[in-house]
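Before anything else, here is the set of structures, which you'll find just below.
Common to both upcoming complexes is chain A, partnered first by chain B, then by chain C.
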Partner chain A sequence: MAGSLLRALGSPRVLLALAMVLIIGVCAVFAHFLAPHDPAEQNLLSILTPPAWAPDGDPSFPLGTDSLGRDVLSRLIYGARTAMLVAVFASLGAMIIGTVLAHISGYFGGAVDWLIGRLVEVWMSFPPVILSLILMVGLGVGLDRVILAIVLVDWTRFCRVLRSEVLIVRRHDYVAAARLLGFSHWQTIVREVLPATLPLLITLFSLEMAIAVVVEAILSFVGLGVGPNQAAWGQMIADARQYVYQSPWNLLLPIFAIFFAVAAFNLLGDGLRRTLDVRLAETGH
Partner chain B sequence: MLALEARDLTVSARIGEATVPAIRGLSFALAPGKILGLVGESGAGKTMIGRAIAQLLPAGFAITAGSLLFEGEDLLTMTAARRRALLGRAIAFIPQAPMTALNPVLTIGAQFDEHLSRLGLKSRKERRDRAVAVLTAARLPHADDLLTQYPHQLSGGMCQRVLIALAFAGNPRLIIADEPTTALDVTMHPPILRLVAEMQRQHGTAVIFITHDLRLAAQLCDDVIVMYAGRAVESGPARTVFAMPAHPYTRCLQLANPAMSAERRTLYVLPDQMPGLMQLAHIAGCHFAPRCPLVTAECRREEPAQIVVAPSHTAACIRAAATASICATGGEFNVPAASAAPLLRVENLSKHFITSRGPFSRAHNVAAVKDVSFTIAENEFVALVGESGSGKSTVAKLLVGLEQPSSGRIVFDGADLTAPSLRRRAWRAGSLQMVFQDPQSALNPRRRIASIVTQAMEAGSRPASMEERLKRTKELLAEVGLPADIAARLPGQLSGGQRQRVNIARALCRVPKVLVADEIVSGLDVSIQAQLLNLLARLRLELGFAMLFISHDLSVVRQLCSRVLVMYRGEIVEEGPVEKVFGNPQHPHTQALLSSVPPDEADKEWPLLQAN
Partner chain C sequence: MLAIVAKLVARRLLAAIPILLVVSALLFCVLRLLPVDPAAMSLPTTATIAEIEAKRREMGLDRPLPEQYVIWLSDALHGNFGRSIQFGREAGSLVAATLPATIQLAGAAMVLAAIFGLGGGLLLFHLRGTWFEAVADFVSILLLSIPEFLWGLILLFVFGVALQVLPFTGAVSPNLPQPHVTGFLLIDALLVGRLDVFASACRHLILPALALGLAFSPAIMRVLRSSLFDVYHEDYIQQARLRGLPERQILLGHALKNAALPTLTLAGVQFGILFSGTLLVEVIYSYPGMGNLMVDAVRNADLPLIQAIGLTYCVAVLLINTVVDSLYVVLNPKLRVG
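Right after this comes the complex of A and B.
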């Protein structure tokens, strides 16, 4: 496992993705130091200023201001913090629920498997965006609520994919052998099955972060996201929509930020899949 | 004119920058109506020849020298269109795995129709009549109905008959049969082989028969070529070659094969294994020299030429005259006396499986094991034989507790194992262990060998310390004859034989009293099989354990076990001491199993092959 992770670092795809993730990560962690202004600070005397390089630009607002005179660059940087918080914690939560249920389902089979399988099917028959909107209406706005909503919607993604992987691993004789050597079910799952599903787990986690970024942007766009006090890319798009002809930059910049983040996570997921997935490695693709 | 002639055929593989020959300077001549056997262990290059004829070599392999003449025409230089015209018509193939060789979504009729229209049969009725005729000739009853069926509706043996019928449908002049019975049950071997032989006689077809089974080759083939590491080491008339082998490798293989009629003896063990393509380049002189018991300094100097030992019998060995002197050392086969008191008693054991395709379909109750009773004494090796689907593996799983019995009792050392209890499970793990069939699947590819063999010490609430485990690893590896330095390796870095030893070592970690071994030597080469059989016999003397040895190979059973249970459709139909049961089988199924083994001696007739 450690060896294949090291090997993954040798792939240019993974390295590029990691560099992109690092940029977003640094913005998120060091938003306090990086942002030139408070993201909520309104400067009503200079609203909708174009970026600094444009003819009317103001050097103290490098990427211009929005309709309330807030600094766009600062809002982008703080938006990265929101996006990363949601991406990491929502994916982590969805992963834990999905992975636990997938391993129980695939390992024990029988009635447990049937029950979890049907639960996943019913859950997945709701359109994910609608489901998360309904959840947000019920839960109210806020960062923790966004994370909770994404976890509740997306755990099925992990559960379904991982269950089929567990089924494959379960069929190997070494899992039966572990039981015969006196391993408990818990030991068998953690020491024999989980290490085999881990590469897929890591890949799915990375892809889920991309999905979480998009969902958070959608929720913030319709005003059911992290709330008006916190900067979020979706909210920036919603605000800029009305002034798209006066200042197109306000709309394009957060869209680019979302694109950049999603591309980074997808690239990472794809790169990890290529290096960690044993079956792909064996067939030589 | 010869049906097929190879002249100095050389197939090379590109590995990285280097080019390594996989087949070197192979020459043979196959006359029409004759059967040529290609014999050898896996990796010898047998299959490569069939692939070279079809120009279907694996990626990286290419024919680099020589010629391959089919009725005087060189298959290697002819146009692709001409070759296509020959393949499937004048040259046909019988594949190794019949179940996967037929298209699962087409009926047998559709597959015949397609093949026969390629052969030029214009009208639909003509094609149908021909299909029925060849299927009937292949001894398949109700050929009409068969044409409307799909491959999954047929058994493996029937699929192979269909494929043989397909191969012979175009009256080919050459057939390449690559291990046509290996994937089938033992009882299916004689009828399939007889069918190939009959069809071959009727049509006067030349056959290249690829096999690893020396006894079978001796019975079926006119001429044989024994291959080792890509080179023909011995060739000649089948009966002569096996009656008086001139190459040490042929002789060693024979001695490594457990006998069916002669007295039991320690098997001859060829050290190591056949060198892989990468190692070949580093062996100077004769490639068999590192394993050869007759090796001299001269052998390592240059590769030996083919020496004529008798008319049309050649061997690539300078010490051919001394080959007959090789014999198995170790003398008599020691079998400790089994005590009379049973250690494990199985009483009226039954297992039903309920199969259903979901909550809305009717459940079927399938009895896999029906009312099975037997005992195993301390130190006793008991064999469980039968064809696939007879319930052998289910019995194994019931014994070790991977399945729960529907009824019946398993009494081990006075305790009833079928009563569920946590403490009993831990105790059972220490005294009853299983060795799995496929070491590829039985060893976790992510664990190091040291961690695998001492995995039992990891179980429970108080796992052993690292030092204790490493110490035990050393002992276990020494016991199963593996070098200590593989402890840090992963299973993927070991050979098949080494993996099976690790598999055995893991089961021995807590010194069990009973070992359940499910087909642990099937799928291994003869020389590796001999190593493992001798190992098990030695371990029994050293450690003292009883074993339930599940196998379909009767010669292996005879070599290792003192008592045999014959299973047929979930029931034990015959049991007793091996000598007695094999000498005078009572149940028809036991008789069928026994008669499907070719005789030890090359010059003895195999009645099943000759019949009608």
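Right after this comes the complex of A and C.
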């Protein structure tokens, strides 16, 4: 496993993706040092200024300001923090729930498997966007609520794919051997089955981060996301839409930021899928 | 074969009943967790506590949750989803008024996604073994990273704002009448013989449908390509080649037909998601469909409306899946027996 992860580092696609993730990650972690302004600081005297290189640009606002005179660069950087927080924690949560249920379902089979299978089926009949919107109505806005909503919607992605992988792994001789050696079911799952599903798990995790970034942007765009006090790319787009004629930059920059983040995680997922030799039917997510 | 398809559709619809029951129960519970009081919301702000209490009793809000659900469900089965709080109209009739626009948009988008997916998949496959293959593959991953709402904004910016060649708000120019016969604007315009309305509606449909089509085609593209790869390992391709058939005929006549099946499975899933993807595209283009209504309802915590629309989306997804499954049976001879 460690060896194949190292091999993955040799793939140019994975390296490029990691570099892109690193850029976003550095923005997210060091937003405080990198952002030239407070992202909420309003300068009502300089609203909708173009980027610094444009004729009317102001060098103290490198990428210009929005309709409230807030620094666009700072908001993009803090938006990266919001996006990364959501991506990491929502994907972790969805992964944990989905993985636990998938292993229980695939390993034990029978009635538990049936029940979890039906649960996934019901969940999947809800379009993800609709379900997350409805959940946000119930949960209210906020960063933690967005994370919770994504976890509650997307655990099925892990569960469905991993379950079929567990079904395959379970039939291997070494799993039966572990049982014969006196491993408990729990030990067998953790020490024998889980490591075998790990490459798939890592790949799915990367793809889920891409999805989480999109969902957060969508929710923030509709106004049901992290709330007005936090900079978020979706929110920047919603604001900029109303001033698209005066300041196209305000619209294009957050669009590019979302694309950059989603592409980074998709490339990483695709690169890992190839190098870790994961049998992942292309879902196109 | 018709009998088999009918049997499958019947079985799928039967299986959908328990799913819809659970979904509706979930929907009901989630929305009852809301810290808003539907009784107080449907009364003017001057209402007294006693009036609100009376309203609560009238709406059945004082009864236990399971009982409330049963009442709501039996009403819903009779087509009564309750009155929308913000519009004061039947939630069911609001859905019925906006659903045709959404179906029209989703339909146009599915056609575009299928065309792009098919074309792109064949192109990707055609490029195999050339130096361009890696580039095309890389580009297809990048394309996969542009969700429908980003496409919506990009197209709006390029064709609506920068080039100013296509309209990007509403379903038809505001100075034109909107004929109402079936609810499907394109059909209605033709029915009343208004070609100008038809043309305007078409122009308004281009950008939103294109946004959805572009967002959902890369996945179809990639699956078609990998299915074609799999098919090309089969013996019959080799034999067709030995028989001296031109490569073009092998690809389009033999391989494509067999690669279509796995592609169709994915396309079905994609179309289910595409239908809900209309929501954001409608918001971006102020398109008067169910998605816009949903966002309105969600922002105003309009519970009856949210429940009605939420259920409609679920039914739509289940229906799309059923249709795709039947198509699968029609196209796959192996499944036709028994």
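To be clear about the criterion, the second predicted complex is superposed on the first by the 277 of 285 C-alpha atoms of A that agree within 3 Å, B and C clash if a C-alpha of one lies under 4 Å from a C-alpha of the other, contacts with A are read in each partner's own complex, and residues count from 1 in each chain.
One rule holds for everything that comes next: a residue touches a chain if its C-beta (ideal position, glycine included) is under 8 Å from a C-beta of that chain, and two chains touch if they have at least 3 such contacts.
Note that this is a predicted model, so its numbers are computed, not measured.
With chain A as the common reference for superposition, the partners chain B and chain C occupy compatible, non-clashing space.
By the touch criterion stated above, A:164 is placed in contact with neither chain B nor chain C. In the superposition on chain A, A:128 contacts chain C only, with no contact to chain B.
After overlaying the two complexes on the shared chain, residue contacts for A:242 are found with neither chain B nor chain C. In the superposition on chain A, A:259 makes contact with chain C only, not with chain B. Judged by the touch definition given at the top, the superposed model places A:221 against chain C, while chain B stays out of reach.
Once chain A of one complex is fitted onto chain A of the other, the partner contacts of A:137 are limited to chain C, with no touch recorded for chain B. Once the two complexes are laid on top of each other via chain A, the angle at chain A between chain B and chain C, using C-alpha centres, comes to 90°, given in steps of 10.
Looking at the shared chain after the overlay, A:179 reaches chain B, while chain C stays out of its contact range.
The partner of chain A that touches more of its residues, comparing chain B with chain C, is C.
In the superposition on chain A, contact of A:60 is made with neither chain B nor chain C. For the three-chain overlay built from the shared chain A, the minimum Cα spacing from chain B to chain C equals 6 Å. Interface residues of chain C facing chain A in the complex, by the touch rule stated above, are 16, 19-20, 22-23, 26-27, 30-31, 33-35, 138, 141-142, 144-147, 149-150, 153-154, 156-157, 161-162, 218-220, 222-223, 226, 266, 269-270, 272-273, 275-277, 279-280, 283-284, 294-295, 298-299, 301, 306, 309-310, 313-314, 317-318.
For chain A in complex with chain B, the touching residues are 1, 171-174, 176-184, 187, 191-192, 195-196. If you check the complex, the residues on chain A that touch chain C are 13, 121-122, 125-130, 133-138, 140, 210, 214, 217-218, 221-224, 237, 241, 244-245, 248, 251-252, 255, 258-259, 262-263, 266-267, 270, 282-285. Chain B meets chain A in the complex at residues 400-402, 425-426, 429-430, 433-434, 436-438, 441-444, 446, 455-456, 458-460, 506, 509.
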